[in-house]
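Next up, some structures in structure tokens.
Two complexes follow with chain A in common, the first pairing it with chain B and the second with chain C.
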Partner chain A sequence: MSQTVTLARCRPRRRSWPAWTALADALHAEWTKLRTVPGTGWILAALCVLTIGVGAGTDSATRCATGVGCTLDTTRVSLTGILAGQAVVAVLAVLVISGEYSTGMITATFTAMPRRPVVLAAKAIVLTALVLAASVVAVAGSLLAGRLLLATNGLTAAHGFAVVSLARGPTVRAAAGSVLYMALIGLLSLGVATIVRDSAAATGAVLAVLYVAPIAALFLGSNPVWQRRVERYSPVNAGLTIEDTTGLRHLPIGPWGGLAVLAIWAAAALVAAGLQLRLRDA
Partner chain B sequence: MSATTISPYRSPQRAENDSFLRLVRAEWTKFRTLRGWVLAVVIAVVLTDVFGLLVVHPHSPCGSGCHLLVPTGPGGEAVNDSFYFVRRPLAGNGSITVRVTALTGKVSASGGGFFGPGQPQNGLSPGVVPWAKAGIIITQSTRQGSAYAAMMVTGGNGVRMQYDYTSDVPGLAGLVSAASPRWLRLVRSGNTITGYDSPDGSHWTEVGVARLAGLSGTVQAGLFAASPLKFTPNFITYSESGGSVSGSLATGVFDHVALAGSGAGGWTGQNIGASGAGYTGPQIGYRQAGGRFTVTGSGDIGPVVSGAANSSYDTVTIGDHLLGVFLGLVILVVIGAMFITVEYRRGLISTTLTASPKRGRMLAAKAVVIGLVTFAAGAAAAALAVIVGIYVSRSGGVYVLPVGWPTEARVILGTAAMLAVTSVLALSIGTILRRSVVTVATVVVGLVLPYILGASGVLPVGAAEWMLRVTPAAAFAIEQSVPQYHQVIGQYGPPDYFPLAPWAGFAVLCAYAVVGLGLAAYLLRRRDA
Partner chain C sequence: MEATIEVTGLRKRFGATLALDGMSFTVQPGQVTGFVGPNGAGKTTTMRVILGLDAPDAGRALIDGRPYPKLQRPLSRIGALLDAAALQPGRTGRNHLLWLAHSQGLSGRRVDEVLEQAGLASAARRKAGGYSLGMRQRLGIAAAMLGDPPVLILDEPFNGMDPEGIVWMRGFLRSLAAEGRAVLVSSHLMSELQDTADHLVVAGRGKVIADATVADLIAAASGDRVLLRTSGRTEAMTVLAHAGATVAATGRDTLTISGLPAERVVALLSEAGVPFSEVSAHRASLEEAYMELTRDAVEFRARPAEEAAQ
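Up next, the complex of A and B:
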């Protein structure tokens, strides 16, 4: 007597899983992660405090002798704190990805969500949303501080300076552009940190990108060719031209062009990071 | 029945003495066996040099293969030595005495630039720059860079005795005029020259004594006039573009000219430095009518400072080649922070502290190891950057302001020490915070952001100087190689000049590191590992 045993083929059911559902799930997961980590709130608060604080300090120190060719961009002075705040954005971006590598969480993440570029996209979106929200507060606070403090130092309309005001077109552009600048710095940092992975090394790499180019521009006074290259094509120097509201004709690169340069750097870093994620082990 | 004594187990292992050297050795082993860290140090050295050399690649101001001939003074420093000289030889000892009754001047239109040879002098308006000079001088020869001593009236700084380009001694204050003339006297005795001034020609005051090693035999003595470039800062910050520079002339009126001592021949007028960058124009020269001399000259007798402020030379300092240090610094900060934070992350810290329960000594051993490693790496990187950088700049036709070897050694070793102390600071902040990301961000931003804010012209000079005095960024003062001179108006700002002296700036960073280490040791003892 023979008995036929039919073995059911053991195969995982392949659920059709459209990309947008994957992204929605990933977004939900990333938002939960970032929301429940205790540091996030502090970091966003630090972003606002540091940006407004450094800006206000600069405002209150700024004096301008009337007469001798003192041309000063009040909007740009008010937004000086962005130089400090961008470091906080970089720290947040590094923690979003490197934090997972240092705790080993990344293997769980990629097991649950095997489409790695989707994970990166979700992280980018959540990070951008947080940075945008905090930067709106930081930029608004900086401009308000500039409006109040610069006037007390005699940088008033009566002396030929533009009062910091959102009624001025270029100031609106500078304000909106600075918020975008912070978001793009976050994306650039996220890309670099994903490539580097280790949290300390990633922080160092991101900060080198953010701060070495502005210093190089200072050193290169004796080498105008390279100085101009740095001012036109480095992410920070080019990106910060979005803050300028006066003397636009003498800028090394136009405000929106400068922000586009930063956007290209950020996009390149994210694409490289996405490729790295696909090709490497977690 | 016999009693047996059971002795407790004793490890056959001999007890190690926990000497500090043994701890240092343990930490060194931890460092050395992590290939990534050793590699990172090597990368830091390479990047420091490559970035410094590639980016500070000089452009030749006058085509390839040309070299600027900048005169150097007796001390080896680069000098300006252009003036109009009415001279007579003086053999052996003697003296020269004059009365100055007027000092007037002319300034070219703002932004009119340097008086170049053959440049038109339209747009001259009356005006005396503060360091316009007219007076008497005894100099070894008419060669630029000769040893000299001079007594002079100035446009805004009273009577001065200056010698050998860098020394400046104040005499009578106030401006010269026909109503209040100034009497000046120089007395030569061997290679010693003594300067005197007097308001009336009978009551003389000694201003200074100059011992000039390069003065011997027959020297040239006479009257001179010079007027440096007028420099107007266009803003009250250290701005990249500096200020506007325009040329100027000075005219001195002399009488009661008395030259005592043996010499041959009469007065000869000569425009010193006219073949170089000096001004040659029809107004330069001298007139003699009776006992009255009117001498008009342009240029300066004094040290060259960095930047375009007082010279038409395109100069760089040896410190300019250290741009790459900022990149190396970031990498070494990362290593310094990880040296402790990785132990916390991996749990190695409990083993470390079990092996050496004296926690403060463990921290000290780590500081010694990371400090020595970064010092060695920094010294190698800085030495290469400076030595090769100077060579590249000079072969590209850029003039590197000359400094003596002690200054060069101080810049190189000081940069290495700055990197070492910075990594120790990172180690201590890492011990306090235990988190690598925040540690690296704090240290890098703490050092670099004040530097950018202080140097980029965002802040006015007062606030920028404060920033470069009290923050860790003060340490970059160690890269200064050429001194500031109060008698030369210039754009004294980073990266070539700092408000603090080199070692004082370095001490500020050390203070931060000491406080950080102390706090770290305290917290290490108080907290659980």
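Up next, the complex of A and C:
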């Protein structure tokens, strides 16, 4: 009995789980990469400025004749800039992977870290952290701008509109959800860019994913069945329902359900990307 | 077990091109192994397979008996320089090494050590995009040395280096081997390896054509030829041909003779009264040995001048 105990003590402790060590190393490396390339800071700043700027512009241009059944969702109007800011998120995501393919640095990356799916996971985590941080600023700024600017256009509580306020449950959900939306757009873009590899092609592919379906939905008015399908299942249309705070019953898909559709798209893109990293030569 | 690279029966096809056609060789510790061959011989593809970047259709490459993807923190087992130009131009040289170091659990202190070793310390905080090709090669060397690995593979490390850099690189490769490391260096120019490599693997059309020590290769290419310098070229040719030698005119007053030892040549010419100013045993350069070996394996070749003129 005592012998068994001694043996157990002598056995080398196997605390470091290789997969975990590999991920920790990869996270450290990917973080160092992103913070030592000059573009990252600018892109994150652009993300905030563009989102808040487009939101503020829309706020000041939005007017509603009072009492004519105008049903504007003030929160959603304030968050209009997300539609522009997501392009910046996509650009950052493409940079994270395609930048390495275009310079050839990807060979150094995969030589240093041969477990390619682990590298992709590390890139995804670092990208998500940065996008979340910047999006909190962008969304907070957008809501603040909406609160200040929409009131000057008469979209006030006195006229029956909900003032943009984090005291309102649905607005809190829209705000938090929009931050998550941006992170998911980043992951979807990272997956697509990893599959496409080439910078220019990846940027094109990602922007097409982000903007073709929403634009198509606008022109599908004559075909309500397809319009509804696009609104329910395209990543951007479905995902953006997270911004809605009024008229939820008439939405093609519920806010969290919509965000889940986007999450499924992002997960599928990342899984496909991980598989092709394993199967294709670097 | 000593650190080695073992490549066995690698085959790899890219579309219609057969890049590797049964490539096999071993790299031993304590020596510089030159990996030479014409462009398209499969040198870079072999190295990419060793590093786990490309998957072979058949065969395998092992480092210390293990395939590359199975190595943990691989840079401390094997260091590599593949394409020195492959880095993000906006990042400083030091930061390029820093992310590599972090990927292996190494610190910034190690980065400064290898920068010093590669002679790049003064340029470390400049953007890598502004580096000359020679400086990028040094950065690549620094990256390969990060994990202080017992095995190194370097693809064309002399490319773009100035004469001073080439001398430095030769000394550096020699010192790595002297420390007992296994060093595999590819080059398409044999002269670069003349005084550096101990062993040569000559590749052509995706397989190994010759795998021997440098001394053996030169001896084989030299044969028993004798070089003769004479003002009476025609007479000398007649005399020597009568004695059973094969004689070739290699210049206006020089002949290359095979089939007769040098002493016999001297005796014959003196007997016949043919003047000569020099008789020497011909020693092939590594370059000639290489040309001989790869003649049939060159993928793209210019037609000889006479042929083109016809």
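In this text, the second predicted complex is superposed on the first by the 265 of 282 C-alpha atoms of A that agree within 3 Å, B and C clash if a C-alpha of one lies under 4 Å from a C-alpha of the other, contacts with A are read in each partner's own complex, and residues count from 1 in each chain.
Here is the rule we go by: a contact is a pair of C-beta atoms (placed from the backbone, for glycine too) under 8 Å apart; a residue touches a chain by one contact, two chains touch by 3 or more.
In this text the structure is predicted, and so the values were computed from the model without any measurement.
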Superposed partners chain B and chain C on chain A - clash or fit: fit
Contacts of A:37 with chain B and chain C, given as first, second, both or neither: second
Partner chain in contact with A:111 - chain B first, chain C second, else both or neither: second
Chain B versus chain C as contact partner of A:216, first or second or both or neither: first
Which of chain B and chain C A:281 touches, first, second, both or neither: second
Which superposed partner A:52 touches (first chain B, second chain C, both, neither): neither
Chain A residues touched by each partner, larger count belonging to chain B or chain C: B
Chain B versus chain C as contact partner of A:63, first or second or both or neither: first
Which of chain B and chain C A:22 touches, first, second, both or neither: second
Closest Cα approach, chain C to chain B, once both complexes are overlaid on chain A (Å): 11
Footprint overlap on chain A, where chain B in one structure and chain C in the other make contact: 99
Complex contacts: residues of chain B adjacent to chain A: 40, 51, 55-59, 232, 234-236, 240, 307, 314-316, 320, 323, 326-327, 330-331, 333-334, 337-338, 341-342, 345, 398, 436-441, 444-445, 448-449, 451-453, 455-456, 458-460, 462-463, 494-495
Chain A to chain B touching residues, read off their complex: 54, 58, 61-65, 68-72, 77, 80, 83-84, 87-88, 90-91, 94-95, 98-99, 102, 199-204, 207-208, 211-212, 214-226, 230
Residue numbers on chain A that touch chain C, as the complex places them: 18, 21-22, 25-26, 28-33, 36-39, 99-100, 103-105, 107-115, 281-282
List of chain C residues in touch with chain A within their complex: 48, 51-55, 68-69, 71-75, 80, 82-83, 85-92, 95, 98-100, 102-105, 143
